[in-house]
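So that you can tell them apart, the chains are marked A, B, C and D in the order they are listed, and the count of residues begins at 1 in each.
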Amino acid sequence: MNENIRSHYFENDDKMHEECGVFGMYDFDNNDVATSIYYGLFALQHRGQESCGIAVSDTEGPKGKVSSMKGMGLVNEVYTPESFEKLKGNIGVGHVRYSTAGASTIENAQPLVLNYVKGTLGLAHNGNLINAPELRKELALTGAIFQTTIDSEVIAYHIARERVNSASAEEAVMKALRKVKGSYSLVVMSPRKLIGARDPFGFRPLCIGKRDNAYILASESCALDTIGAEFIRDVEPGEVVTISPEYGIQSYKDMCQEKHARCIFEYIYFARPDSVFDGMGIYESRLIAGRCLAKDSPVDADMVVGVPESGNAAAQGYSLESGIPYGTAFVKNGYVGRTFIKPQQSQRESSVRVKLNVLKEAVKGKRIIMIDDSIVRGTTSDRIVGMLREAGAKEVHVRISSPPFLYPCYFGTDIPDREQLIAYNRSVDEICKIIGADSLAYLRKERLVEISGGRQYCHGCFTGEYPVEPPKEDIRGEHEDFKRGEDSKVK
Amino acid sequence: MNENIRSHYFENDDKMHEECGVFGMYDFDNNDVATSIYYGLFALQHRGQESCGIAVSDTEGPKGKVSSMKGMGLVNEVYTPESFEKLKGNIGVGHVRYSTAGASTIENAQPLVLNYVKGTLGLAHNGNLINAPELRKELALTGAIFQTTIDSEVIAYHIARERVNSASAEEAVMKALRKVKGSYSLVVMSPRKLIGARDPFGFRPLCIGKRDNAYILASESCALDTIGAEFIRDVEPGEVVTISPEYGIQSYKDMCQEKHARCIFEYIYFARPDSVFDGMGIYESRLIAGRCLAKDSPVDADMVVGVPESGNAAAQGYSLESGIPYGTAFVKNGYVGRTFIKPQQSQRESSVRVKLNVLKEAVKGKRIIMIDDSIVRGTTSDRIVGMLREAGAKEVHVRISSPPFLYPCYFGTDIPDREQLIAYNRSVDEICKIIGADSLAYLRKERLVEISGGRQYCHGCFTGEYPVEPPKEDIRGEHEDFKRGEDSKVK
Amino acid sequence: MNENIRSHYFENDDKMHEECGVFGMYDFDNNDVATSIYYGLFALQHRGQESCGIAVSDTEGPKGKVSSMKGMGLVNEVYTPESFEKLKGNIGVGHVRYSTAGASTIENAQPLVLNYVKGTLGLAHNGNLINAPELRKELALTGAIFQTTIDSEVIAYHIARERVNSASAEEAVMKALRKVKGSYSLVVMSPRKLIGARDPFGFRPLCIGKRDNAYILASESCALDTIGAEFIRDVEPGEVVTISPEYGIQSYKDMCQEKHARCIFEYIYFARPDSVFDGMGIYESRLIAGRCLAKDSPVDADMVVGVPESGNAAAQGYSLESGIPYGTAFVKNGYVGRTFIKPQQSQRESSVRVKLNVLKEAVKGKRIIMIDDSIVRGTTSDRIVGMLREAGAKEVHVRISSPPFLYPCYFGTDIPDREQLIAYNRSVDEICKIIGADSLAYLRKERLVEISGGRQYCHGCFTGEYPVEPPKEDIRGEHEDFKRGEDSKVK
Amino acid sequence: MNENIRSHYFENDDKMHEECGVFGMYDFDNNDVATSIYYGLFALQHRGQESCGIAVSDTEGPKGKVSSMKGMGLVNEVYTPESFEKLKGNIGVGHVRYSTAGASTIENAQPLVLNYVKGTLGLAHNGNLINAPELRKELALTGAIFQTTIDSEVIAYHIARERVNSASAEEAVMKALRKVKGSYSLVVMSPRKLIGARDPFGFRPLCIGKRDNAYILASESCALDTIGAEFIRDVEPGEVVTISPEYGIQSYKDMCQEKHARCIFEYIYFARPDSVFDGMGIYESRLIAGRCLAKDSPVDADMVVGVPESGNAAAQGYSLESGIPYGTAFVKNGYVGRTFIKPQQSQRESSVRVKLNVLKEAVKGKRIIMIDDSIVRGTTSDRIVGMLREAGAKEVHVRISSPPFLYPCYFGTDIPDREQLIAYNRSVDEICKIIGADSLAYLRKERLVEISGGRQYCHGCFTGEYPVEPPKEDIRGEHEDFKRGEDSKVK
């Protein structure tokens, strides 16, 4: 199959991408957890569509056999009912993954399953370690071998090495985490414990749920709702929790700190609107963004519309604040799947047109306020604005529910090179012209604090000021420079 | 694979189903049409998700070879870029199909491709012939053989037999159509013509479009938008059109009649909101339905919400009419695919919960008006109402943008047996109690004429009064009784 | 997948090809027959590797449902254990198919399953009707439609038409067969009978077996052995048999005639050595061929070897007759599968070398007599001779266990165009030089009668004298000229 | 798919199994090697059919990217032409694998590809390390993590650790190999060298070939023939060779020793007859085995036959020595593939009958000597003897070209538990009765030295005397006991 002319993501071609979702579950009543992990991952699918994996273990069985199954694609493509006949066990972890194209291979799918001195571990990780290359080099110098290019393997090595001199798995996890820098929300399955950890800045979400006599760790609370579990609380930034039948939830807060740096894009775009992240509802957050836009950048118009799906909540907020009626301008084709054939440049059918159509009758003759969550390269915005005009819109005012972003992200988000960003070296007016709008306004950076409900957040992509010093060389991507190596000359 | 615990349609478990979508294209400039048919079918995917097919022919090539490719599943699952290397030709027809489970086989996928006295035909059909069993029996008595159980084969036979004594393909088509009764929107590819036909009652939509020097026939106008084609006009009820480079569009109206019977459910639920059916915009139609509900069944409340996706337009109409704010109460998981594993009864994860989640914060403490397009069995309505209550809704008032339906459909729609219909032998109050709502109201039958913009429509499923006499025995399904047969005893 | 550089058949690149194998079974005790058909087809796999199919019916069940499953590839690739959960029934027919590339499509896979006036028929056919194009044209002129390009459809039409005025299915079959000319071994499943028929010349084999209370029809007796059934007898040339619980085997010999024309290549190459065809064992037949070669074309040598697998039996015959020891010179790689990637011309690994290797130590310094069954294009013979020389063979004498062939076959065998045949316009000496042998001899035509054990055979491919007049135009292939057609000009 | 009722190996159900084949290639002219590795693995397919893999690297390219592709199944099932578009590089290693069912997973497929301190390594290994569990435990105690259960990972770890303090990759390989005990033939791809190694006892074969300016390492010489390469020499027991453009082949013999222990079953059954193992031709070896049987266990008979394929060479040897004619008694169905559905016990079609059929006419009334290479459980021997009798054989004398074996193998061969071995606790007469033969004789142990051409061999499976002390506990299988582990109790 010629992958070049296909795209899993063509729906989000001009969006940033979250890099992963994690899910862990431990059923103290010894029920199998694999199908619940399946539905949990299904609820987290928006966080990663390239590969997925489930690993389970039977804490009480005679052999403690670990079973795992990973594959490329969506959870509904990878698993069949037969899959679950083999995935038996009452403790397990799961993962959905997005990655840049190069390393989108089955070898890099998670969870990572490995044997170490104390049995078998399963790890699933969401985030990005900024010192992973240094750690890999250090480990290699003491004889480590790497079979993947994912950060989980670096974390696993440190856990394994610390475990030799630690009294418990969680102690080893904590020692290991002290060595890594960057963002992580981590779930670890050890032979008899489920362990969760979140980096001290709390870049990525991770929460705890409960259903009957089972505990759950999940990237987002929507996954708890999906499986009918109750939300207990968020794992705090810097906290490590262990879940075991003997002690239930145990909390270790040695790494907790005052300074936090939640990824603000979780609120703006990544997380599902029905999730609650550190106490702030995502839907609410987006309504506020819309309200702020209405307050700061009002314009007289007949209808407020969102670019589906992600722009709809902010559009409703704008409508509520401004009193301008909320409406629907676009119909989105929901059947775009992983193997959809993307239209070629040369074809009359454009990618945008194939996925979105305008409701001409709703738009005709109207002055439209169109809300979108972000503009990355700007490659689709001009087409969408153009489609509204073609359909007879009299005016098109674009409002973006995030500030313009200009800087790379080192903490688990896929942002293209600076030169590709439409906001790079351009004024808002210039951008407005490029996309052909009658007016354009972004969310003011000052408003971000309202969106997060007053919580501390990372605004590195807008300001270039990061909570931790970014690496000097760009360490994003696949560390492929490491792949070659010297090999001493033959004597 | 155990198909029993999978479902392609679990999203629409409690909905009626349209049975098909058709698409035809003839490019007079000899460009290949297969990829445009692909995108056209993609736009019609909501009309049938079980199988799809494309057949193309080269009108000018030395061999006039017909190529076709059919498969089970969605168009994005069946076709790969490689598919189009084999589907070469400037004239073609395509089809998407829904069917009841039993006959969902590759043999029954359309278009039907066949050789007959004058070359090769490709047929794609949307609708249901109520006299198909009689016609099959008649044909069989003169030695016909049937390799499928689809109506297209019956039509094809009549075309083939009439063609022997007809001066042209369209004459044969017209003679053939005089013998069939029921609903059909038909596209036929003959060696040098594209032919479209719509039954005299106009049950199903069919429209004509144009792009550069190519003509298109499509079930819905949204498919024209998707491929960047211009809408020309609808094929009229009873009209046969031929498309050829020599004469462009030619129209034959011998079968046109005064009495029409458009399927009202195309307006209410089947068609895409961005389509226009015989001059009436579907989105507009649904806004009107919502407005009518607000007029006829008002209730004091804090927010109007739609059950996604199909309830949203009517909810907006209700909001506009009533002044009660439109809001979002549900988040739908858009990743449900053909192979999604449906939760078992015994599992905590219900089908509804897995696909829909409530925005708790948006709903909490509010009086909600919830708009849905129909209630068939009622199996999901009670769960959705329950989810709203769980999330803290103070009141839940359900409004349905169609009348209660009670009668079978013989014209191409999948409605369950009468005993399974919640409205059968129950008052609205009883239904209200079953689904647990605070109040329930259906659209009044009198309002249907507004929805169709004054056009004549079929209301058989609400009234039991059909535009044509329905067959005495239930002829829906697979005619499987025909499958056995006598075979005379051995002498 | 680029089919051009793959080959299912690269093992037999330079061989003639049989076109099909058929199998039918009727279990009077109502046991399911599908798995036995599977093993039967597996035993007949050498007769066709491009597609296969099984259709079964339940003669006693309440619904008499016919189930069928066809696919491209080998039987072990197409069927899984799950397949048989759907193939329920005590009567059934199966088919394996070879065809020329163009029409190797799923539409043309057999058995053909169809509804007709008296229920459902399943047909599987081995052979080639030389008047199929005329019959198709005739049928088309009375309004027939064709959904495949296989002869079975033509036969089915005639059966269906005759059935209307016949007292029984077998009467209709017999009337239908009177209209067709050419070669056929046919199995037909009607609702309550299994019918077998063989053309009056008996070109292709068909035999009857029995296992417990079940009867079997099979192309070759080896299929009976494979399923543990007892060989009853061959169906005679021109005979029609019906199998039913009421009457067991009934025989109709109206079409039987004196003159027969068994395909001599069934003895020489097509049939499996463990089959018995009209009373003559295939292995025995090949031993005789080898003996004849030894008698007619003796040469002094150290070892006789066969080109595996098909040359081995004749090599043993040569050895027995001449007293020169039989040995092994080649090791064949048995893992060549349908999807094997054939070496490109440019590669060092040749097709021959990849599938065959020489046992150097066995060959070195020896004078070798190498027996093969035929030379078609001669493209591999020179390579094999070359490999023997490379391995150190002192002399290589090639003996071919069939006469040179020069004429097309119209009766179900795939022979390339005359210009591609090495024997066309070349003397044996010239061929000997081309393939690089020290000497070359073919079987003398006079010996063919010994090979067939005195039975009448067709020698058309050697002599150009056919038992029935061949068609004037070449009717082999896909009748694609029929695919286009006129379509009258628009008025 | 229900794997229980399928079998990849049902052809060899009652055979021992070799565990792997390896292949490495380095083209100094920078041509891609992946397709040659493909054909090389295809020639080694008999050494392992469960999974296969190819890893290549570009020694000269700007990025030195390593590409690999592994899969379950035969090489012709795993690779498509598209595969090779991604497998670009002039140095590479490949592997085919057999394993016991439990660990037949994609994670355990080879080659193992890993990053270490000096770049990327690819390892492919044939053999079995008897101290692998101890080594794993040792490594784990210093913090190692294991992602597979294959020995290659243990070797890789040792290479990585030694490499830190070694001047070259080969030095690290040699230091690493000093720590492992057992059998191995190893090929390693480092960034700029291809390294091969064979254990000091030389249990498994490994040879060196050359084609143009490329060098090859392969388990068997038949793989060299297949790709048109010249045989250079065997790697000696205990030798390590490096292949590089600067120095060609370099040899390191520090580990070479006097005592060797070639697996005698490579001669008897595992290796392909066209291979030469340490100077002894396999075909020759089997001829000798047959001659020995004829000398030691003569019997008067009419025909000597082999059980195909592996018994044929010894049968020819018996025939040559005894003067009794060699013949063919069995026809084997060559279409048994990986997904063949094995007959159930309850079915009339037995596994043996489906794959083998008797040539009745060749056997009838004859006294047969039937040669097979071994009897493991004896489950098929009785059926084969029975089939000969059914076909009319007057006498059946069975001769086995190996001694009875009774002891486990720790060096890379799959032998069932002792209790399942037919020779365990039974006399030859008892076995003869069980299999229903008229007489039975095994090869005398004294003759083994003739089979190996005087080379030292391992006869542990016949005598229980092993060249190295076997482990106390049975370490064969998947080390699954290691999979669980303690995990300290929660504090």
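Please note the rule applied: contacts are C-beta pairs under 8 Å (C-beta built on N, C-alpha and C of every residue); 3 or more make two chains touch, one makes a residue touch a chain.
Since the model is a prediction, treat every value here as computed from it, not as a measurement.
Participant: So, comparing C-alpha centroids, which chain is the farthest one from chain D?
Facilitator: Chain centre farthest from chain D's centre: B.
Participant: Using Cα averages as centroids, what's the distance between chain B and chain D in whole Å?
Facilitator: 59
Participant: Centroid from C-alpha atoms only, then distance chain B to chain C, rounded to Å. What do you get?
Facilitator: 46
Participant: Distance between chain A and chain B based on Cα centroids, please, to the nearest Å.
Facilitator: So the centroids are 37 Å from each other.
Participant: Which chain D residues sit where two or more other chains touch them?
Facilitator: As it turns out, chain D has residues touching two or more other chains at 1, 82.
Participant: Name the graph shape formed by the protein chains and their touching pairs; answer line, ring, star, complete or other.
Facilitator: ring
Participant: Can you give me every chain pair that touches, using the contact definition above?
Facilitator: The list of touching pairs comes to A-B, A-D, B-C, C-D.
Participant: For chain D, which residues count as touching chain C in their complex?
Facilitator: 1-2, 5-6, 35-36, 38-39, 42-43, 45-46, 49, 74-77, 79-82, 211, 222, 225-228, 272-274, 276, 281, 283-284, 309, 312-313, 316, 320, 325-328, 331, 333-341, 343, 347-350, 353-354, 357-362
Participant: Would you mind writing out the residues of chain B in touch with chain C in their complex?
Facilitator: 1, 63-66, 82, 106-107, 112-121, 136, 140-147, 149, 153, 156-157, 160-164, 167-170, 190-193, 242, 244, 246-247, 250, 480, 482-491
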